[in-house]
Amino acid sequence: MHKDLNKKKCLEIFKQLYLTRRYSETVVDLGDKGYIRGPLHPGLGMEAVCVGVLNAIDNNDFIGLSHRGQAAYAVRNVKIGILLAEQFGKKDGCNHGKGGTMHFNLFNEKRLFEVDSEVAGKVPIFTGVALGCKLRGLKQISVVFYGDGGMSEGWVHESMNLAKTFNLPIIFVVENNRYAVTTKVEYACSVKNLTDRAKAYGFEGIEVDGMDVEKIYTVTKESVLKVRNGSGPINIIANTYRFCGHFTAEKILNLHYRSQEEVEEWEKRDPILTWPQKLIEEGICKREEIESVKEMVEKEIIEAVEFAKSSELPTPEDALRGMYATEYPGIPRKGWF
Amino acid sequence: MRELSCIQAAYEGLEKEISRDQNVYLIKKENIFNKKFFEVLNNDILKNDKVISTPKSEATIISSATGLALIGLRPVVELNQIEDIFLAFSALIDQAAKLRYISGGKLMFPITYLCVENNVYNDNDGQHSDNPYSFLIHGGMKVVIPSCACDAKGLLVSAIRDNDPVAVFLPTRVLAEKGEVPEEQYTIPLGKAEIKKTGSDITVVATGHCVNIAIDIARKLEAEEGISVEVFDPRTLLPFDKETLEKSISKTGKVVIIDDSPISCGFASMVSSILMEEYYEYLKRPVRRITREDIPIPFSKSLKKYVLPNSEKLENAIRSII
Amino acid sequence: MREIRYLQAVAEALNNEMKINEDVIVMGEDVRESLRGVTKGLYNIFGKDRVIDFPISEQGMIGCGIGSAISGLRPVIEFQINEFTFFAFEQLILQSQRLRFYSGGKIKIPVTYIVPGSGARGGISGQHSDNPYSFLIHGGMKVVIPSCACDAKGLLVSAIRDNDPVAVFLPTRVLAEKGEVPEEQYTIPLGKAEIKKTGSDITVVATGHCVNIAIDIARKLEAEEGISVEVFDPRTLLPFDKETLEKSISKTGKVVIIDDSPISCGFSNEVAALIGEEYFSKIKAPVKIIARADVPVPFSEPLEEYVLPNSEKLEKAIYMLMGRTNA
Amino acid sequence: MTDQISKEIMIKFYKILETIHIVKNNISMLVKNNEIEKIKYISYGEEAIAVGICSALEESDIIINTYDGISNLIARGGNLNSIFAEIFGKSDGYNNGARGYFNISAPELGVYSANSFSDTGVAMGLGFALSSKLRKENKVIAAFYNNETANEGIIHESMNIASAFDLPILFVCKNSKNIKGPLPEEFLEAKEFSMRALGYEIHGTTINGMDIASVYNSAKKIVKNIREHNRPAILECITNNYYEDLSSSGLNAINKNIFDEVEFNDNSIIKNFSKILLDKSILTQKEMKNVKHEVSYLIKKAIEFSKSSVDPKPESLTKFMYADEYLNIPKQGWLS
């Protein structure tokens, strides 16, 4: 075990993993029951990447999340209630019901940014954030998550070039879950070794097992040190897998892009199972301690659901507020009604 | 008062704003003009370390300006080819214009896009010849298009101080036009139109360089035939100053709109639809639109004139409804 | 006649067209598996050479479509999400729409862009709910938005056979609706509107899923209030069939426009401006516009309802124009 | 290197080089004399690349231009009459007067251009390559782009797709050491653009783009490779570009000549090449002079032809715009 990962930290990490998992499952369940509108994109199976990376950096470093980065909220102690309230479209949601799933905004409070849901859209934005940090002389670094699908998007390439050009303090984390919706990474991506992309721009790319929190933690710790010293960007490729479909509607679509065996093979490496097992095997903590964490999480989830259910819906007229920071009469225009 | 060209006025405003506010940065692409551009303007903005030169990657540059704004800076992004708006359409329409709203009104994106040399009069064949502001209006972004040097400075400064993304278009045709510009820093509020010439028979709504066309025609018609033309320059296309237009239209009851962007779903259509919906009772005659046709700009001179709005078309339109 | 769903009609049209014409190929993201259902099963029939999955690279994909269209293929490109058009906006407008012009009319670019699931789907928030057709109209591209299954099949076939880029928008809210659709392959010409319901008191110009809203309201008002509403569905937004609109307006003299894209510089504005310019003398009352407010679509249901056009707003507008007090 | 190239081809190269150069000089004169529509600038220094690459391709192959399409077009055997008619905006031009100088294209010769200064036409090359592959036409597509646009996302997308789909494209990067403010190297840790090939598992080479023989030989080899294996490749050609500024609008209306008065007339490519020809006694001074005279004569004829050509008719606007025409489009505003 990495020297920084003491018992307390290890249990905390388990709590974060488990809370994320339970939150995702709860959301899917609530979606099925009709409490949450629209499709959901849970990161089931991919929790380790986010948890590993976020534990290895400071709490005030800037994070651009992918749409499967729900674990980040658990790591930064966000109340699950306000996320659920947002997904219920309620007033107490973190975006007051305007953003919904995939757009949680906790940037001011927690430096977590998920507002934008464009494919890899946060990559150029966070290149800008990193540039801003450099211009303003801030010590914070930026970490931005995107998927293997996003790697084919033009602005990811532009951002990597720009980040190296200005030697920006940014870590690009690719959550390579092997499928861009249904398209295999081997089909869409022209390099076998994904780290070659970074090398083509003259900076380091590191591949890491994305199901192993400790490995991710170690790699990130080392990278952060270099990035903070001003040696420019780093690209981490974390190989992981999503256990669920691309989105919740997938189960009715009858898709055949991957085999059941493949899913089961990966499920054996589920961080929610392997991490506590490792802790127990290495004698870091006891089974009972793990169980008590689980109980705590269940309670938290129940409270959060209650909170979200009891929160009020926004008033319809709110729909026209919040578009502009400097307001003028007559905008936003709304037509005749 | 001293006279400056429109572009000099704009960059003077920008330079002073950069020195005044430590958060204002100029992000510009490296390009062919770089070395001499500011020498020509007699402006030493480049000596300022708050000017960031970037490689040509428009989508990322515009999107990263959103990132700069996210942590409290007020970037001014110079777009010197109008293609940039198309290449970075996602970053403009889907990110900058939307993110504040999606965040529940919590985040703020004070970004200014300064679009210089943006139309057909810049000797580039048909390329870089678009005036894509109607796209941005449809996307909900504030759009400013000054028609003279004095407006250029004041509106640009307002745009920089505005807390939302604002696109400022400096039409090529007016870049070199000189006008009186106060030395001190001043602002002209967004969303306020100006009556560039008063009149009582007909209102001409004109934007950008078309304002000058309209004023010339107005003078000519007044002198030669006693037709009194009022020239209405909205200056800000979004927010649009309906109230001033109402005043003008209640007086004249007749409107011609002249605008240099394609006609379908363009700015002229928006003004016309406002008139048809809200000020219908004042209207005595059809609302005429003189705009660019829905056709790209051809190279051939003989074809160009069919595509672009010009004074002859405006004059005909005025006569047709007087 | 048999009844099938809108989406089935679209898929059938595409399938038949690929059988008839070997040059028709399908490109898009996840088109093999088909998330949206438009291309379902095509991969098994036509194979990897004619059903081509792309990486998430919209610019590259559209560029590839343009090149293959110039060299004689007829690509049908699916945008999985309506906002993906923004990524490739430069390729869509500056290249695919204009290259023919700048070649001096020497080349043809017969590309069809399909945008399935355009518009708000309910709970998918600001960045996946747009109806970006007004952007394309302003760029000069032919735009089609069928409102029923029968139109969808015929118009899609016409779009594929058209020798210019045509964007076909399939509004989410009608994808599951059933309608009578002939079995054989047929075309409905672009640029021809259809009067979906005749009436004499007022004309409602409606697009996409708003056509159904308008028809429902028209029936209701006719039965309950005796107001005779004519529902005008342009079907093709560019070219716009103003002749049919003129006929309708000459009869009614009153117009409401209902359209699900943002109001400013949107399609609704274009129609209103057209009326103000060319049919001013035929109009007896102000034109009313029911369109989306100029904000991204919010997530929460009451907020979303407030922003989008709906039947309640349309009903009020009609009452108002008819001078009824219950407005 | 030059030894491998036959005498006839060397002479042909010389003639094309001179033609491109004299055509550009003539256009510049026409702009200065206000005889044609304004053109913002004319670039010199890319002629060897145009001639080398275009000569290495087969006739059925396809070329995607940058803004300097005219060099490619002439190297491809473009008709001078049609070229000048286009620059005069006349109906006999390659694009019937719609396009003009920049990004001129000639579909009949397989020379295409995007409507772009950002070289986004590279993506279009994917489509030509794809359809050639599907129809087994065995074409190679040469897609040109510049160093300044090499950082555009669309170039990356295109290279990724080309490699993932095994498409026969040659990406030709014209890396000019001379233009656009600071050298592009300042923006690039990887000093050469061909290094980008690593990110797509394709072949990348950097050569001297001022040396026509080296361009021709490398291109020949790479094109052969592409044709056999259906794999894309990057060929980076280092050049020295110069711009001659001709614009008169916008900023230049305030102060003429934003560009440095560089040796835009610098014809080092031709000078060096002539020297080789003389040294190897392939051509004599006199024969060279004759070539120049011959070319100048043809150009004079072409200019005369263009002046007498008719203006395109306004109806052609609609025809250019849509292949299938309908009522009411393209929409035209109110006209009396």
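Letters A, B, C and D name the chains as they come in the text, with residue numbers starting at 1 for each one.
By definition in this document, a residue touches a chain if its C-beta (ideal position, glycine included) is under 8 Å from a C-beta of that chain, and two chains touch if they have at least 3 such contacts.
Treat the numbers as computed from the prediction; the structure is a model and nothing was measured.
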Mutual neighbours - chains that touch chain A and chain C alike
B, D
Between the Cα centroids of chain C and chain D the separation in whole angstrom comes to 39
Roughly how many whole angstrom separate the Cα centroids of chain B and chain C?
30
Roughly how many whole angstrom separate the Cα centroids of chain B and chain D?
34
Listing for chain B: what residues touch at least two other chains?
55, 57, 59-60, 83, 87, 90, 94, 101-102, 126, 140, 238, 264, 268, 277, 288-289, 294-296, 298
Touching two or more other chains - residue numbers and ranges from chain C
54-55, 57, 59-60, 83, 87, 90, 94, 98, 101-102, 125-127, 140, 238, 264, 268, 277, 288-289, 294-295, 298
Within chain D, the set of residues that touch 2 or more other chains is 95, 97-99, 103, 115-116, 118, 120, 151-154, 157, 160-161, 164, 187, 316, 320-321, 329-331, 334
Drawing the touching chains as a network, do you get a line, a ring, a star, a complete graph or other?
complete
In the complex, chain B residues that touch chain D
5, 7-8, 30-37, 40-41, 53, 55-60, 81, 83, 87, 116-117, 121-128, 172, 175-176, 263-264, 268, 288-291, 293-296, 298-303, 306-307, 309, 313, 316-317, 319-320
Of all residues in chain D, those that touch chain C in their complex:
93-99, 103, 105, 107-108, 112-116, 118, 120-132, 134, 153-154, 157-158, 160-161, 164, 316, 319-324, 326-331, 334
In their shared complex, chain B is touched by residues of chain C numbered 83, 86-87, 89-90, 93-94, 98, 101-102, 125-127, 134-135, 137-140, 238, 261-262, 264-270, 272-278, 280-281, 283, 285-289, 294-296, 298
List of chain B residues in touch with chain C within their complex
83, 86-87, 89-90, 93-94, 98, 101-102, 126, 134-135, 137-140, 238, 261-262, 264-270, 272-273, 275-278, 280-281, 283, 285-289, 294-296, 298
Residue set of chain C touching chain D in the complex reads 25, 49, 52, 54-55, 57, 59-73, 75, 90-91, 94-95, 98-110, 140, 142, 162-164, 190-191, 238-243, 277
